[in-house]
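Next up, some structures in structure tokens.
In what follows, subunit A forms one complex with subunit B and a second complex with subunit C.
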Partner chain A sequence: MYKINTIEPLWWGLFGAGGFIAAFLLPVHMLVNGMLIPLGAAPQEAYSPQRLAALVSHPVVKLYLLALVSLPLFHWAHRFRYLLFDLGIHGGRTAIAFLCYGAAIVGTVVAAWTLVRV
Partner chain B sequence: MATSAESRTRAYRWRMPVAWWLKSTHYTLYMVRELTAVFGALWAILFLAQVPLMKADYAGWLSQMRSPGWVLFSFVSLLFVLYHVWTWFNLMGSVLYIRLGKSPIPGTAINALMFAVWAVASIVIALVVATPILVG
Partner chain C sequence: MAERTIGLSVTRFRPGEDRQPVSQTFTIPYHDDWVVLDALQYIKDRHDGSLSFRWSCHMGVCGSCGMMVNGVPKLTCAAFLRDYFPNEVRVEPLANFPVIRDLVVDIDDFMHKLAEVKPYIIRDDLETAPVGFGHEFRQAPEEVDDYRQFSMCINCMLCYSACPVYGMEPRFLGPAAIALAHRYNMDSRDQGRNERMPVIGSSEGIWECTYIGECSVVCPKNVDPASAIQRTKLATTNDWFRSILMPWGKR
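Take a look at the complex of A and B:
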């Protein structure tokens, strides 16, 4: 139990970094990639096959996308862990912590693997 | 006589009622704030799943991102994440201590600065992603 809590500053640091990424970057992507482009409100040249392929192949874009996905996962893990406590789930605190942070770590590895292979 | 640790410590165990967070608007908004992270993470994962298709299966990507489910989920997620933005940047004035010369910058100014930087960053990202300005 105390092992996962002694590195609490690490989890909290990742939570904070994720909070910034989620606040600064996610809304505009939800608006543009989730609404404007799907609804045809953006010029088609912006998402032509050539431009998209060039963008997602670029190492800087890959790093950007890794941060965009990974850090909000750690932000989620920390908040969700304590959300469960707040809801009155008292048993399995260690298991919950492992599952939450573990899911964020697995998600980061999957994201990195996915982006490397693009 | 029982000697297990459980019975030796006879401390009163107080438990919160399960629905404590529905008792006051402040509590409910606190839980909504905590919940925003679920939408942010889920949206990011679903977006990541689209990235390989953009290059390998363009037609498949087009139909996936044009599905009403994706647009609706993005809209709902945007509402939740905007609440995260509001609470997160309004906290910054209390969390960050920045001194300019001898006097500290007031918290409200730090909050305002955060929102301003956020607005500029969002416009720049929107221009890069939604227009062919960069990588034409």
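Take a look at the complex of A and C:
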């Protein structure tokens, strides 16, 4: 096995996983949770607050929701970090990386904390 | 009928004389079977023998005659005047490289990077393997298909010239070197992957690439360096997570 001088594979792996979720899962939730349920187009009984609360209380669902929120944040962080570089901002690359991934980590912690409390 | 002509605006830089590159315009006869390289040769023969540019084969194989033609990196032996006529053609040295003289750029940086990725077959048993008929390192056609397109690279450096990342970060290993490393990593006869991965998987390697994809657009041999880089990112990420999750594993 070989060694490399960077942990970029970690960020890129999270970026890739986040891209998958942002492309395939988030649109479904935006449609169902963001539009169909509020518009009353989904069966109201099936999505009653009590049932949703019971659903979210399950550990597997919590884990799913954490991934759903956290990974796209890392996708954004990586994309935004390189977007700034592509726009010609070369200075402070380490600081930018810290801020981007830091924001994603903070978002992940907030999401985890919220999920633990519900 | 009067002879048709075409204008060529050529970048000149004479070290010691010019402080910075200047452009000089030549008007030359137009022939629809001429390429930009022919036009430069005509200028050198008839107008100014001091015009300097690199070329060798005139048939898209050697990779020496890469220049910016109307702002796009091209092999000048494959850029026909008829695609620009009647407009003037602007010929400049390859972007992102230091200029030595006129249209000649300094390629040392690329040559060093190319050597770093060890673009040749590495085997432990090269010295000890039996030689002669029947003892060659055999390969099935499907195994050739794994790397064939990446082996078409002629080191013309058009991809470096087209790469905005290389333009901003000269330490970036760059498209062709990574594509060639990938070519040998994918070769079933090769055993040198672990020697190349620390170079191409480093922070100056694949991770600088922001997947703009211009390298693959300008390649005159239809190599797809952007794909080589993406595939290497995936492979490196798999290896990295595996080494974290299963530190005892060999691969």
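Simple rule for what comes next: the second predicted complex is superposed on the first by the 113 of 118 C-alpha atoms of A that agree within 3 Å, B and C clash if a C-alpha of one lies under 4 Å from a C-alpha of the other, contacts with A are read in each partner's own complex, and residues count from 1 in each chain.
Just so it is clear, contacts are C-beta pairs under 8 Å (C-beta built on N, C-alpha and C of every residue); 3 or more make two chains touch, one makes a residue touch a chain.
Every value quoted in this text rests on a predicted model; they were computed, and no experiment measured them.
Of the two partner chains, subunit C is the only one that A:E8 touches; subunit B does not reach it. Of the two partner chains placed around the shared chain by superposition, neither subunit B nor subunit C is touched by A:G91. Of the two partner chains, subunit B is the only one touched by A:P38; subunit C is not. Of the two partner chains, subunit B is the only one touched by A:L25; subunit C is not. Of the two partner chains placed around the shared chain by superposition, subunit B is the only one that A:P72 touches, whereas subunit C remains out of contact. The larger set of touched subunit A residues comes from B, when the choice is between subunit B and subunit C.
When both complexes are overlaid on chain A, the residue A:Y82 reaches subunit B and subunit C alike. Of the residues of subunit A, those at positions 82, 86, 88, 90 touch subunit B in one of the two structures and subunit C in the other.
Note for the complex: subunit C touches subunit A at residues 164-165, 168-169, 193-195, 197-198, 201-203, 207, 210, 212, 233-234, 236-237, 239-241, 243, 249-251.
Listing the residues of subunit B that touch subunit A in their complex gives 15-16, 18, 21, 31, 34-38, 40-41, 43-45, 47-49, 51-52, 54-56, 58, 61, 65-67, 70-71, 73-75, 77-78, 81-82, 84-85, 88-89, 117-118, 121-122, 125-126, 129-132, 135-136.
Here subunit A touches subunit C in the complex through residues 1-10, 12-13, 16, 82, 85-86, 88, 90, going by the rule given at the top.
Contact residues of subunit A toward subunit B in the complex are 18-20, 22-39, 42-43, 45-46, 48-49, 51-58, 65, 68-69, 72-73, 75-76, 78-80, 82-83, 86-88, 90, 107, 111, 114-115, 117-118.
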